[in-house]
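Below, each structure is written out as structure tokens.
After this come two complexes, each holding subunit A, first together with subunit B and then together with subunit C.
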Partner chain A sequence: MTSNFRAWPVVLALSIVSAPLVLMYVYLLVDTVTSTAPGSLIPYEFTLRHWTFLWTPVPGRPDIWRVALNTLVFATASSAIVLSLSSTAGYVLSRLNVPFRRFFLAGVMVLHAFPSVTLIVAIFLVLQMVGLYNSLAGVILVKAALDMPLGIWIMKGFYDTVPWEIEMAGIQDGASRFTVWRRLVLPQVRPALLALGLFAFLSGWSEFILPQVLAPDNRVQVLSVYLAGLIADDNNFDMALFKSVGVFYVVPVILLFLFFQKHLMNIYGGGTKG
Partner chain B sequence: MNSSKKLGLLLITPAAIVVVMLFLVPVVLTAVFAFTNMSTSTGISGGAYQISPNALQELRDHYDMPSVAERLSQSGFAVDEPGLAALGKAGIDADIVTELRGHIGETFAARRDAERAIRNLNHRPSLREVKQISDQFNRSIMNARYDSKAALLAAVASVMPNLSGAEHQAIIAASYTGWTWTTGNFRRMASIPGTQRSLVNTMVYVAFTLTLFNIGFAMVLAITTFYMPSRAAGFFRGVWLLPRISPPVIYVLLWKWLAWDTGFLSVFLGRFGIHSRNWMLDSGTNAWVFVVLINGFVGASMGMLIFSSALQAIPRPLLYASEVDGASRWQQIWHIIMPQLRWPILFVTCYQTLSLLTSFDLILLSTNGGPGGSTEVWALATYHTALNNYAGNLEYGYGAAMALVLVVVGVFLSLAYLRLFNYRDLVAKPLIEH
Partner chain C sequence: MRILLDGFTKSFGPMTVIDKMTLEIRDGEMLALLGPSGCGKSTTLFAICGIHKISAGRILFGDRDVTNVASQQRNVGVVFQSYALYPHMTVAENIAFPLEVKKLKAAEIKRQVDQMAELVHIEELMKRRPAELSGGQQQRVALARALVRKPDVLLLDEPLANLDSKLRLEMRSEIRRLQLATGITAILVTHDQVEAMSMCDRIAIMNAGEIVQIATPGEMYRNPRTEFVAGFLGNPPIAFLHGVATSGGFASVGGEAIALPASVPLPPPGSKLTLGIRPEHFGPTGNIPIRGRISFIETQGRENLYDVTLPSGSMLRSIQPLRGDVALNEEIEWSIAGDRILVFDEHGTRL
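Showing the complex of A and B:
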């Protein structure tokens, strides 16, 4: 923009500061398909042997495809729950006259700000008591519940921007409030649904603490727990393997992000946890 | 007409149920569990009653009843009428039973003594018979498990008939293996040195990460990209978003690769004759540098996005006018940009303080609190106490008490932060009334 300032010193300074980050991600990709001699930083050959984990399971670990499927189920199911329940609850809080509306709103606001990871001890004990420990269903429900206040809050925000005139017109024409919501309002907030669904999916895909604590078993392991277990195992140190599994794990995230960047920015820019 | 009310309740109920069950109930239960001594050894459901050596110790020390403990421990083997009758049924030689009848009323503290006496009978019972006979005379209640108070008291009464009510209560309390209510968690928290250490660590962690990266570096990123051509700005914003969108496990792996003793730093610095080592874990200071960097690189992006969008709202003519008037870049930043960022900075500070206080996943994955607990923050200490440690005895009750501290701080801060940012119009009344 401003013409009397030169941009290049700033670009240069920021390039230097960003270099470690770029370096880490470039080497993440490069190391998965090459071999590098110990004590060297330049790879000497191209190879695919770091990717053998795709067809031969790492000894003592479950099959990677099974783990990937668990992760997919976990992320999809928790995202679906968040999406369906917050699209209804958000509408109620935005538009309908329910008793205790202010109370609900205040509750959602507080819970949205509240750091949910502090509840992990109590949730762990509750799941043990009701027998949902070490099951995908349990950790899906917990993940969905903890993401819900954020989801309700975001959906309420989007419903607030839908013009009242649309609904008034629907009511004038004799539609019920439910039909108005379903047929007139919901299509208006489709970008929000897409954004929230993706956000919840990515958040589930990345989640580590909840599955690690609530469902660590091999049967129900997700990719984050699988990879963390692999790294923590001192007997099989193989950085290239870790990185290959890591790329396998992170590629869907990067792809979704590149394709839907504009939608997701609505949520990332609005101040989520982290 | 109340169709809006009915529909509203119908639509909000599922969300309300899920949030209450898995969000509000755990908040309450954290407080409840904080007042118990639940652990791996007590279990989380009920318990049984067992006069174990620990229970005797507690009777002596805690209830000041050494004589009761003494007698409970000595309740051993006794030759009595029911035992003799059972022997007859078990098919023991009648002569032995008759001879034993002569010893009626004798007691032995330990199985060894009882068996020696039986072996020395004139009829010389076989080794197998000695076992059978001693079993029938076993009146010891040490280490036996009873499912109910009544069963325990009945067994105690069989060896010690004349106990007072207070002594009964003491035995019941001392022998219970399940969890009990206690305020000891908080007394312990106030007295052990680990508490103070995690508190100091938490403050160091939050203060450094927040000021250096979440606010400081985020502002640098927002302002520098603001002045850049849009293509370059997009590239840098994208690069600095990578840590946020990468799952924590893979993001921390990259840092480990950088810092590991065969990793990038070691190899690179090796060219200059510096010894290879694990840069992340070789000293407390280095561990802190990495913890702050790892969290800060993630945290900077949130501030960057929020500050950037605040800067976009500055009217362009204002900037051009200041340039025409000869303002330097610093003057422009200080007098035009900074005032615009006041509220966003307050917002990010509040938000990140809360989230840094309670987040521990990146520290868990990178240093795991090490070396020697020097980066063990409060939230991580909670995790280690209640959910995962090397000793294997997970103290759920104490962990819940530690978590409760965070929950209280969290509730308090989030309420305060909502007061600060509570826009009245967010709760405006609906316009269509039914």
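Showing the complex of A and C:
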């Protein structure tokens, strides 16, 4: 940073403004490992009681590890589909002279802008008809399909920045179009692949409405649905349990962000660097 | 290998860029495609290597008709203007790529890559990536990659345009050395007449999608077929005088009368003519004296270039060894070498 102004007033101002937020996070963490008397703010004891859901399932709910595994499968599979199809479709739309190219491009744009919630009833009916209702496979396919337009669009943008001569040089060197794509072009858009993969994974991890509507069964439940179930349960409402599961749910996301934030920023930067 | 373009036509949509061009490149020669920007040089090159499908005509490599053969099967080496090295691969991997595609054995690939690296003098750069190379080094790698699969023909699209002037001089002789060492048939695309003249066996000069003349550099310089060719070749450039034919000579627009040698077939008096006079054919010696005023002096080191404004306002150029006896704005009487005057008719065709 070029410091033609002093940094500390800005830091101070930002700290004051974000203090409530930080405080809330601290409270969230503290609350999960302590007990507090009703109406009080100060905890009176340390306890791991709120984390017992990790080894003994909450009555009437599926095993948390099973749910976590479902979430992992859901997020991984849908992001893998998004990644593989976007990286190929984006290339085709960027480079190859396919019929209806403009139509496809416009279609992708419209699909991306379309609020997907409005489709959910239709999707529900379709899934039921093809027998994929209440299955992970079904909801994975739907999630991937809805995330794909953005993925295709982003990948096309990155492919557009790869110099045309590199491909022509590859062709002249005797390589097939596919080899050129895999060995020469794909490495140039690696940052985009990484960013898009993470993006799709996080989007899958935090998806709620699709699994809630299309795969609500205990067998195929994902964490967001599990969490929503806790809060909707009026009979034995347990605030501390809800918080603990929430922390459990969000930790992987925070870890991913910490490790990959540089790559995630890339998706907005565009272009290949280095 | 001999390359023949036979009636080659290329259109982009409704616009025909090249119309029925016929061009033969002899086995083992280096031919320059010279012409101003936008005249269709790159288009011709891309047709030969198969990047562009041609609209009509045939392309022959030796006796083989490759008109409908895919780029990959044509065995053409191309050096692009931007070099187009693969940024994620090291120099060695770049050069090895064409051989890997051919599925040669690793040991064989290594042997050929090393041999190529030695030929273009980049042995010590093999582990670097393109971003860590200078322009001249990138150029050498691009040449090595193009040559490693022993192509039938080497195509170079403005290979020196991105280099600074010192490197350009070095790579000029380097490319020629490689071409002679490998004996490969090569086509050099350039808009720089000095490159074309200094590197190539023959020059094909293009204008607006047509080949105007094909000749050796010396022949083309001495004996240009049109005004365009005369104006394109030569540095400092030729000077033109516009006027009309008289009986036995030429009268400029401003009134200077110049007697022309009898060997030039003159059109009827009154027809429009243009005279081309090269700077080295106007000076203290010559047989057609002409008066003028020195309007500009450019020192080039070994020689001086003088711009001489004639009383009519037209301008001639003269290049002479350094001399201290003439100054700016001085009136002089120098002479034109009459037998070296190039005479063009009103369409620019040489008479």
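Some observations on this one:
In this section, the second predicted complex is superposed on the first by the 246 of 274 C-alpha atoms of A that agree within 3 Å, B and C clash if a C-alpha of one lies under 4 Å from a C-alpha of the other, contacts with A are read in each partner's own complex, and residues count from 1 in each chain.
As a working rule, a residue touches a chain if its C-beta (ideal position, glycine included) is under 8 Å from a C-beta of that chain, and two chains touch if they have at least 3 such contacts.
Remember, predicted model here, so these are calculated numbers, not experimental data.
For the composite obtained by superposing both complexes on subunit A, the positions of subunit B and subunit C are free of clash and fit together. Within the superposed three-chain model, A:168 lies in touch with subunit B and with subunit C [touch as defined at top].
Of the two partner chains placed by the overlay, only subunit B lies in contact with A:146; subunit C stays clear of it. Residue contacts after overlaying the shared chain place A:99 against subunit B, while subunit C stays out of touching range. In the superposition on chain A, A:42 makes contact with neither subunit B nor subunit C.
In the superposition on chain A, A:16 makes contact with neither subunit B nor subunit C.
In the superposed three-chain arrangement, the CA centre of subunit A forms the vertex of an angle with the CA centres of subunit B and subunit C, and that angle is 120 degrees when rounded to a multiple of 10. One of subunit B and subunit C touches more residues of subunit A, and that partner is B.
By the document's definition of touching, both partners, subunit B and subunit C, reach A:176. By the touch criterion defined above, A:253 reaches subunit B but does not reach subunit C.
In the overlay built on the shared chain, the residue A:213 is in contact with subunit B alone; subunit C does not reach it.
Of the two partner chains placed by superposition, only subunit B is touched by A:243; subunit C is not. Superposition on the common chain places the nearest Cα atoms of subunit B and subunit C 6 Å from each other. Common to the subunit B and subunit C interfaces on subunit A are residues 168, 171, 176, 272. Contact residues of subunit B toward subunit A in the complex are 3-5, 7-9, 11-12, 14-16, 18-19, 21-23, 25-27, 29-30, 33, 38, 44-45, 221, 224-225, 227-229, 232, 236, 239-250, 253-258, 260, 262-264, 267-268, 270, 297-299, 302, 305-306, 309, 316, 319-320, 323, 329, 347-348, 351, 354-355, 357-361, 364-365, 379, 382-383, 386-388, 396, 399-400, 403, 406-407, 410-411, 413-415, 417-418, 422, 426-427, 429-434.
Touching subunit B in their complex are the following residues of subunit A: 1-5, 7, 10-11, 13-14, 18, 20-25, 27-28, 31, 38-41, 81, 85-86, 88-89, 91-99, 101-102, 104-106, 109-111, 113-126, 128-129, 141-142, 144-146, 148-149, 152, 164, 167-168, 171, 176-178, 181, 202, 205-206, 208-209, 213, 223-224, 227-228, 231, 239, 242-243, 246, 249-250, 253-254, 257, 265, 268-269, 271-274.
For subunit C in complex with subunit A, the residues that touch the partner chain are 49-51, 71-72, 75-78, 80-82, 84-88, 97-98, 101-102, 145-146, 149.
The touching residues of subunit A, when paired with subunit C in their complex, are 163, 165-166, 168-176, 179, 183-184, 187-188, 272.
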